[in-house]
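Quick one: the structure is below, questions incoming.
Just so it is clear, A, B and C label the chains in written order, and each chain counts residues from 1 on its own.
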Amino acid sequence: MNKVSLFIPCTVDLFLPHIGEATVRLLRSLGVSVVYHEEQTCCGQPAMNAGYQKEAQKAAQHFLEVFGEDEIIVSPSGSCVCMVKYHYPELFENDPEWRRRAEEVASRIYEFSQFLVDVLHVEDVGASFSGKVAYHESCHILRGLKVSVQPKKLIQAVKGVELVPLNAADTCCGFGGEFAYHYADISESMVKNKVENYLASGADLLLLGEPGCLLNIGGYLSRNHPQKKIMHLASFLADYRREKA
Amino acid sequence: MEPRTEKFKELVARELHNPLSQKFLKVMPPIQNMKRSIGLSTFPDIEAAQAYGAAIRQEAIARLPELLEQFEKNALANGAQVFWARDAQEANEYILKLAKERGVKYVTKGKSMVTEETGLNEVLSQNGIEPWETDLGEFIAQQLNLPPFHIVGPAINVPVEEVRDIFMAKANLKEPTLDPVELGYAARLFLRDKFHHVQMGITGVNMAVAETGTIINVENEGNIRYTKASPRTQVSVMSIEKVVPTMKDALHLIRLLCRNCTGQKLSAYVSMDSGPKKKDEIDGPEELFIVIVDNGRTKIYQDLKARQVLRCIRCAACLNICPVYGQIGGYAYGWAYSGPMGQVLNPLLLGLEKTQDLYRATTLCAACKSVCPAGIDHPSLFLYYRHKDVTVDPYFGGKARPAQEIRFFKAWAWAIKRPWLWNLGIKMARPFINKNAREGIIRQIKGSFADWFRQRDLPAMAENTFHERWKNLKKEA
Amino acid sequence: MEQSSARQEIIQKLKQAPAEPVGPRPVLPPLAELSMTQEELVKRFTERLVEETGVVYRVKSYEEAIEKLTEIAQAENLKKVMVSTDEVIGQLNLPAWGTKQGIKIMTPLDFADRDSYKDAVFLEADAGITGADFAVAESGTLGIRHRKDQARLISLAPILHIAVVPIERLVPTYEKAIDQVFANKNSLPSQFVFITGPSMTGDIQGVLFKGMHGPRKLMVILIG
């Protein structure tokens, strides 16, 4: 419980490394020591989603070797956790040994807010923020992992914050990986709706737990509403922690 | 109905810029979703009720051959006649033969998607028999020669002006009106005459109960009851998966169907036929023909993963909740079946090659799966079809992917197990990706990702990836 | 012959497919109506049907039912009605009532054949009056077994349907009705219908209205 192994999605590694840093600092501030296996590469979701299951299996095998058999794994992403938890056992449905290893690891992997609240039993991380925030329910976190109460508890424990309702909070933002540029016109229409709802909510800041959604909604905001803010929950909690005297 | 599934992107572009479709899609699906939630709230435990429905449909499909035999035996004992059609042609030719033998000039039709699939109406009209769709939405779509916009409300998006015009041209509407109620009344008068004199009626089947040999139809308008009461001959067409084990199972599914579909506790009329009329009855069919249609489903059945699509009860909850459907409406899916249920069914009936976009134009958000009362896992099927397509599976009719993509994933898989190579690749890609970056923001990249940048920026790839920053982070501890 | 080979082919293909175990049924909590008293059922039935714009009258006896019918006939200006010949309607002696009120009472038995009966029920009848085998509380639903004394078009073609139901026929859920109707596989009704309110549609722009192809008004007289 006092040591976790960090699983950093490629989106974070390449484009949003500050989220990884925030995750590390926040966990350490809660007394958790963090291990990061530098041999980790990618969970394989892009190949899986594109239908390249043989290639995804290679990624899965590498992941399962890297993350060994004796750790709790935490990731600031729901879709990557879902990939490991649900798709790895399926990928090896005809290989009993790999399947066993996949199921074993699947039982020890958590999304960031899920880990804090359900495993560490922490809701108040000592952060404060005066302002209104809204929370976007990313599809894999909400429907994949059934995690919804946990991020909201973490937000509501922040001193001074007001969590305002977000219309259609649980409707997909339109990212979907390849979907965003292969079906760009549909994706744009969806992210536009998401942003309209954010603007209408009166929130000063939009929070979420999925790096893909952050790139998508954040990318649209940057182009069209550059003054409107968006943050990953881990960054928010880390950045607004009241420094110990 | 001729499939236009290969025109997906073109139709999407058209519909995204159709102000009428967009206006409609902003309003209707959210209202339907709200009604659905309210309707379901009458169950003491909504999740259990939905799970029970899924269990019934799982059993029905698992026991399909045995239940079909049981259904047939009981239907025959009730005095019905049963015809088995291997494909669309056999089904259409049989029904045409029945009509010709009886000298029928027209038929009234209750809504039946499987007959849209087989193209029955075209076959009848080509042979001088007029098929009158009598469900108001189907009637409007038929008169306007439009494909369905929604599986339950096929013409629900059509503006009242267009309905007025077509009713004045073809349905005896005398005084122009934009009032939906008056338009509906005009349709009532026009079609009433057809119901009055019809000699042969054709319906679909919502459920075929194996235990008793009973066919069940669920409706609000009354057109199906007319089609089962007025003519001497009734033909009811069902695809093989419509069978359910018992009457009790059927009742639970009807509760789920009505709530998931329109939020109603029960539709206005549920009619259950066990054979033709008795000798001393004055109305009802003297002959009841039940046509059981395969048309590709026995093939679907061979695959244990794919066969779950046969559980669908056509409630349209998935359409109403789907954020993609909510942007594009039903036309883009190109066939009788739209929304997520069309995206899982059409590729199996038409082959993966012709339906490339249908199982790819989804974010895998799983909203469909979360509302489905039949327990269908749409996202996992989309992944399955993509896999079958990539491997050019002959059974599913896969098509080879572009060579560049195949090469990319081969290289990707090679590097993924070799962290030094993976990280080197990232280092080498950075200057290319960041070529157009200004102040840490990329506003354009040419090539396969270009479309992202029409409306969105991307942060520049970090000067130091998390991998590279770990050295310092490690020290901080 | 051809047919048996199509049937054979379909069934064989299904049988030779890989087997799939049948999963367990989850536990389903019982519906609230199952533990209601008769008065609560009457209330639930009424509420649900009124939600669908049905009208529900409660009277104490067949005599009061006739009085109610008289009121309705005057309010709706009924001149000619088609009625069933089932045991409930039989008890009302509608021919006598009709004579008194100056209303033409027609039954299917008056007609030599289907076509002349259809002409009457489609073109002449201002209302259809029938009994019902069940009144289902959970959704304000009538259950009707169609048979010689309960023809189908009577409750469908006229713009007004009036159903007379003794409250002993009130049941909490559909299963209670279906258990009785389908108890004996050898004597199933040719058609059994559940009717919940007037006919309706939302097919034009989602605008809901009553009175599509079937009746626009449904009135239920509960006796007891």
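Everything that follows uses one rule, which is that a residue touches a chain if its C-beta (ideal position, glycine included) is under 8 Å from a C-beta of that chain, and two chains touch if they have at least 3 such contacts.
Predicted model, so just to flag it, every value in this text is computed and none were measured.
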Graph of touching chains, which shape: line, ring, star, complete, other?
-> line
What pair of chains is linked by the most C-beta contacts?
-> B-C
Reference subunit A; chain at largest CA-centroid distance = C
Find the most central chain, measuring centrality by the gap between its CA centroid and the centroid of all protein CA atoms shown.
-> B
Between the Cα centroids of subunit A and subunit C the separation in whole angstrom comes to 55
Rounded to the nearest Å, the gap separating the Cα centres of subunit A and subunit B is 32
In the complex, the residues of subunit B that touch subunit A are 9, 12-13, 16, 323-324, 327-328, 357, 360-367, 369-370, 380, 383, 385-391, 401, 405, 409-410, 412-413, 415-417, 419, 422, 426, 441, 443, 448-452, 454-462, 464-467, 469-470, 473-474, 476-477
Which part of subunit C faces subunit B closely enough to touch in the complex?
-> 3, 6-7, 9-11, 13-15, 17-32, 48, 52, 108, 111, 114, 117-119, 122-123, 138-139, 141, 146-148, 151-153, 156-157, 174-175, 178, 182, 185, 188-207, 209, 211-215
Touching subunit C in the complex, subunit B uses residues 24, 27-28, 31, 43-45, 48-49, 51-52, 55-56, 58-59, 61-65, 68-69, 74, 77-78, 83-86, 90, 134-137, 140, 153-160, 163, 180-181, 183-185, 187-188, 191-192, 195-196, 211-212, 214, 220-223, 225-226, 228-230, 232, 240, 247-248, 251-252, 254-255, 262, 264-278, 280-284, 292, 294, 298-299, 301-302, 304, 307
Quick one: in the complex, what on subunit A touches subunit B?
-> 8, 12-17, 20-21, 24-25, 28, 33-34, 36, 38-42, 44, 46-55, 58-59, 61-62, 87, 90, 139, 143-144, 170-172, 174-193, 215-216, 218-220, 222-224
